[in-house]
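First subunit A sits with subunit B, and in the next complex the same chain sits with subunit C.
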Partner chain A sequence: MAKDKVSMNHSMSSSVHVQSLKAKKKNNRWIWYVFLLPSFLGILLFMVYPIVESFRLSFYQSNGTIENFIGLKNFQQVLTSTSFWNSVWNTFYIAFFQIIITIPLGFIFASLINSVKFGQNLLKTVYFLPHVTSIVAAAMIFQFVLHPDLGVANYALEALGLPASSWFSDPATSKWGVILLAIWHWIGFVIIICLANLQAISPEMYEASRIDGANKFQQWLFITLPNMSGTFAFLLITGWIGGLQRFNEVYVLGGPSGSPARSIQTMGAFIYERGFTGFEFGIASAATYIMFIIILVFTFINLKVSKMKL
Partner chain B sequence: MQVQKKWLVVWFIVMLGIMAGCSSSESGTESTSKKEGKWAGQTLTVHLIGDFSMEDATDPITGKTNEGLNSIKQEFEKQHPGATVEFILMPWEGYTEKTQAMITSNEADVYQMPGLADFAAQGVLEPLQSYIEEDPEFSLDVFIENQVSGWKVLGPDSDELSIYGLPLIGDARFINYDKKLFDQWGVEYLSDNPTMEEIARKAKQMTGTNPVTGEENYGIWFRGDWSSAFTLVNLAEGQNGRWGTGFAWDEIQFEYNSPEMVNGLEWLLEMQEYAPDGLISNQGAERWLTDRNNIAIMLNQGPGDLILPVYAQGLEDRIGIAQEFNNDDGIGGMFAGSPVAMAKESDNKELAWEWIKFSVSEDFQRYLFEEANAMPVIKAAEDWESYKEVEKMMNPTIEAMRTPWTPRYPWASSQPRFILTSEIEAALAGKRSAKEALDKAQEESKAWLDNR
Partner chain C sequence: MNPKMNEKVTNIAQFVVLLIFGILLMIPFLWMVSVGFDRTANITLPFPPRLIPEEVASFNYKIVFENGRLVQSYLNSAIVTISSVLLQVFASLLAGYAFSKGTFKYKKLLFLLVLCTLMIPMEPRLIPLYTLFNKVDLLNTFWPLILPTVINGMLIFLCKQFFDQLPSTLREAAQIDGAGEFRIFFTVYLPLAGPIAATMVILSFIWSWNDFMWPLVVLSDQDLHTVPLYLSSFALENGTSLAGLTMALATVSILPIIVLYLFLQRYIIQSIALSGVKGE
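Let's look at the complex of A and B:
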């Protein structure tokens, strides 16, 4: 009897112990939410609220204080504005050439760096440096590099017997000034990502193909490229998203109006010009949502084309 | 273990509190209110834009130690026993949106407010006319001519221009020229009020290889982007034209494609031939205000970037100032500067008015001029020793401040300005003729007005 009692006590105490462990585990789970709370509040305040407020504002004529409900008129104004579509064209033009030049070029540089025996880390650091440089500072330096009279770029062109360019002083060439800057700034990132992928391809695959008689070009074509497809898709999608949101460098180079003659005004700059220099917050909000839809649709197409899974 | 975690949470909350508590609300000014004196317990928050600092600081151009705002704070608090002044200082970068955010959340009592017209129309500013009329100590006569009328704006419901802000910091636009280059080319200096024809003739004469130094010289330079709309409108004013009429948006009529504007833009296109490459992107004038300068005439210049560097580099005998183009009434050029305004939601309006009076007093205006490189707005400045030391530059500046086009162009920071600027750039870049560009600017600006 006494033995049974002891056994029952033991079983009860072990059940209490299990329950207390469960409670601890449960508490353990909750404690992490407390740690997440500050950043969650930050997201609510600085992301969710502005997104909702901007949506509301897009239906109002608003100068920041006085508001009138005008329905879809802001959307109609933005969609019929030639300067908005000009900014859409500029945004896509700059992003397209940045991506189509930087990804192949970055891949070539990454392949070259991958094939050298010494100094790989130094080369990686050197090529990655522009990417960690502030784009605002880089844009200011590029104004001097591409100066029509005193710039290094024109000096080099003339030394090669090529005609000098007006760069940022001519609407025909200013976009190419921005593209050059964008390539210079992004290529380090592309190189590092490509290099990481290149180094992850199994050497056995190359060895097996060599035994089967494949030459270097065939190895590159049938082993390297197919193994890089995921990286290319990633770079393509992130490149487009970044390219469509372009603002900082064009603001430094051409102001909110994208001088000269709105030739480098991007969608982001259009929104800034209408919202923060002209106090047309309704128009700016409507343009923001149109820009969001454009990026959404374009990213969806990119995902389909690149067959990348989310 | 459980206890440890509880402590961890408590520690986390305490750290958050400490971080929030330790972060400075602004420039480290005291916030405890005083308990004695006429203004006991009242704290006034003053907003200023520009290179102000609370502490003394060394000027990077002159090497001179400039007094910080702490001395001003002490002086105002001494004159107003019991009052406490706190400053919120911000840079010029993005000041419009920052000011908008501040005024929406009722952050300050008194604002430095270059965008006065936009904010007065929002109904967030206190009209100052009654304060002026009821204060026997105060008179508008202290201000340099045209400065008060330049800042008259429309309130949210009024259809008559009235005073919502008083001049605080002056500004002006004028034409600069390099006397040394004029001497080297054997060209007579610009007259005090030059015509377009005089400028064009002299710019043409001084473009090419300098006969003394053998260097390439350019006759003229003007900014082809950001401020080109103001340069063009001034050219129209010089021909007795104007940008248009009206002040409230529903009354404004643009005259962007008037014959005077078209003629002005054609003149700019002609002048571009005597300027270095790059003026559309604000390039080509890098040597201006150095002893290696290669440009003879600079259009649409201001005193802010001129007077200090000129004297710091000993160029005061070399740089000349002529007035912008004026109409037959002697008026022309953009009105610029910064007024001081009172927030409608201020809890200390009486003290705010005291600050406004203080900020246009000789004490504060002298401080702005001598310590903050800002132009004074009061007539008394002309008697100061510090003014007399630089009067060669200051006299024409004050003259330019007396004769701008007033009230301030109401479209100066709105879409019609950017439309006009873009079309001037298109013409300068050769994309369109002057007439086509201005017809397009007129059409787009009118459409923008109609859609408001």
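Let's look at the complex of A and C:
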């Protein structure tokens, strides 16, 4: 009997224990919102609010203190402004050449590094170094590297019998100075991403194709390239998103107006110039929305073109 | 030549070609250091360009340190970066853990909202945030640079993925012992989160240190300038007129980061490859 009682007690207490655990679990669900509190306060205050407020501002004439509702006039003004379309053109021009040159070049370097049997780590370190330096400091150095008369780039070009360029001192060539800087800064990133994915391709595929008599070039064409398509899509998309938001280096090289003659003013610089040197908050807000839409549409097209699934 | 020898030769040739291109990429750095030390380069660039100065002098570096503004901007950058990193990493660990192990209403929807923040660039937020911090009188302080970093979708995402790989059985064991959710997080899961925390610190550090557009908007006071702001104002003021001094300044501003990179390069490269986000 005594034994029975003990075991009954035991089973009762354990069932009580399970029940209280379940109740506790249910009651404690709110605690997860405490975990999320800092992040969601941040989202509300620093993401949702500014996005909504910026949308509202784009319908107002505003300098931060005085506001007048003017409907779609800001959008009209931005969309008919030649300096805005000039900044769109500059942004796309620089980003296009940066991407079209850096991705293939970076991929070739990554393939070469991947097939070298020694010194891979040394090469990786060296090629990645430009990417860790801040683009602001890099722009500062490139002002001198691409100096039209005294710079090391023109000196080297002339020594090789190639034509020198006027780089940042002439609106006709200044965009190519920025492109060169962008390639120099981004190529290490492209190489590292390509390398990581090259090394993820299964060696068995190469082994099998070798047995079937494929040579190195055929392997590269029929195994490596198709396996890298996802990587190229990723680089294409992140490259465009970064390229369309370009600001830091063009600000250092040409100020808010993108000197010389607005030739390197990007969309970001246009917004900065209107918003924070002219304090035309309404116009700048309308411009940010147009830029935002351009980025979204363009990213969507990129996703479709590269058939990447998100 | 036998095939093995042949392979060795092509390998060496490949390595040499890659090394030459690598040195080509390094020329801006090498030249920067050299011009900074060149006696003849106090005003204009030495011509023809040379990698080894004819006469070495350190007066450019002396000016950089005696002027004090670079040192001040380093201090400012350090305060901002350390605070942002701590805040951002801590908030992201909490949120990432909740999205991985938590059971609560609207979990999927809230996570989707976090992912949406990844698509929102800084530009549309610039003006409202500026007026917001103006209203509470915090322009020209470090708060506007620190507080908004509390939310980072990429870090929350990376963190959730990391905790997804850790078994939930650890939680159940601690629950039976009567531990609350916060105790479980701090005593069971946080000690296991070392690798992802390291990655998060590296990424967060790079983003914060290199942040430019937003600090440019909120810090007009020169004494509060961070390193990138000081460099850009110096470059815009002087253009290419003070070659030696500018190059010395660039060297001193880059060098600590390069040293840090050389020590931590494996982790830094891994972290950036993981996030796949441009480090700026």
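By definition in this document, the second predicted complex is superposed on the first by the 287 of 310 C-alpha atoms of A that agree within 3 Å, B and C clash if a C-alpha of one lies under 4 Å from a C-alpha of the other, contacts with A are read in each partner's own complex, and residues count from 1 in each chain.
The criterion applied here is as follows: a residue touches a chain if its C-beta (ideal position, glycine included) is under 8 Å from a C-beta of that chain, and two chains touch if they have at least 3 such contacts.
Quick caveat, the model's predicted, so the values are computed rather than measured.
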Room on subunit A for both subunit B and subunit C (clash or fit): clash
Subunit B versus subunit C as contact partner of A:I31, first or second or both or neither: both
First, second, both or neither for A:Q77, with subunit B first and subunit C second: first
Subunit C versus subunit B, contacts on subunit A by residue: C
Partner chain in contact with A:M291 - subunit B first, subunit C second, else both or neither: second
Subunit B versus subunit C as contact partner of A:K124, first or second or both or neither: second
Touching partner for A:S39 - first (subunit B), second (subunit C), both, neither: second
Which of subunit B and subunit C A:F276 touches, first, second, both or neither: both
Partner chain in contact with A:T133 - subunit B first, subunit C second, else both or neither: second
Touched partner set for A:L150, first subunit B, second subunit C, both or neither: both
Partner chain in contact with A:R262 - subunit B first, subunit C second, else both or neither: first
Contact residues common to both interfaces of subunit A (with subunit B and with subunit C): 31, 35, 38, 64, 143, 147, 149-150, 255, 275-276
Subunit C - residues contacting subunit A, complex: 11, 14-15, 17-19, 21-23, 25-29, 31-32, 35, 44-49, 87, 90-92, 94-95, 97-98, 102-105, 110, 113-114, 117, 119-132, 134, 147-148, 150-151, 156, 175-176, 180-182, 185, 206, 209-210, 212-213, 216-217, 227-228, 231-232, 234-236, 239-240, 243, 246-247, 249-250, 253-254, 257-258, 261-262, 265, 268-269, 272-273, 276-280
Interfacial residue positions of subunit A with respect to subunit C in the complex: 21, 25, 28-33, 35-36, 38-43, 45-47, 49-51, 53-54, 57, 64, 109, 112-113, 115-119, 123-145, 147, 149-152, 155, 184, 186-187, 189, 192-193, 196, 234, 238, 242, 245, 247-248, 251-252, 255, 267-268, 271-272, 275-276, 281, 284-285, 288-289, 291-292, 295-296, 299
Touch list for subunit B against partner subunit A, complex: 1-2, 5, 9, 12, 16, 94, 96-97, 100, 104, 118, 121-124, 156, 224-226, 276-281, 283-284, 286, 413-415, 418, 421-423, 425-426, 428-429, 431, 451-452
Footprint of subunit B on subunit A - complex, ascending: 24, 27, 31, 34-35, 38, 61, 63-66, 73, 77, 83, 143, 147-150, 166-172, 174, 253-257, 259-262, 273-280
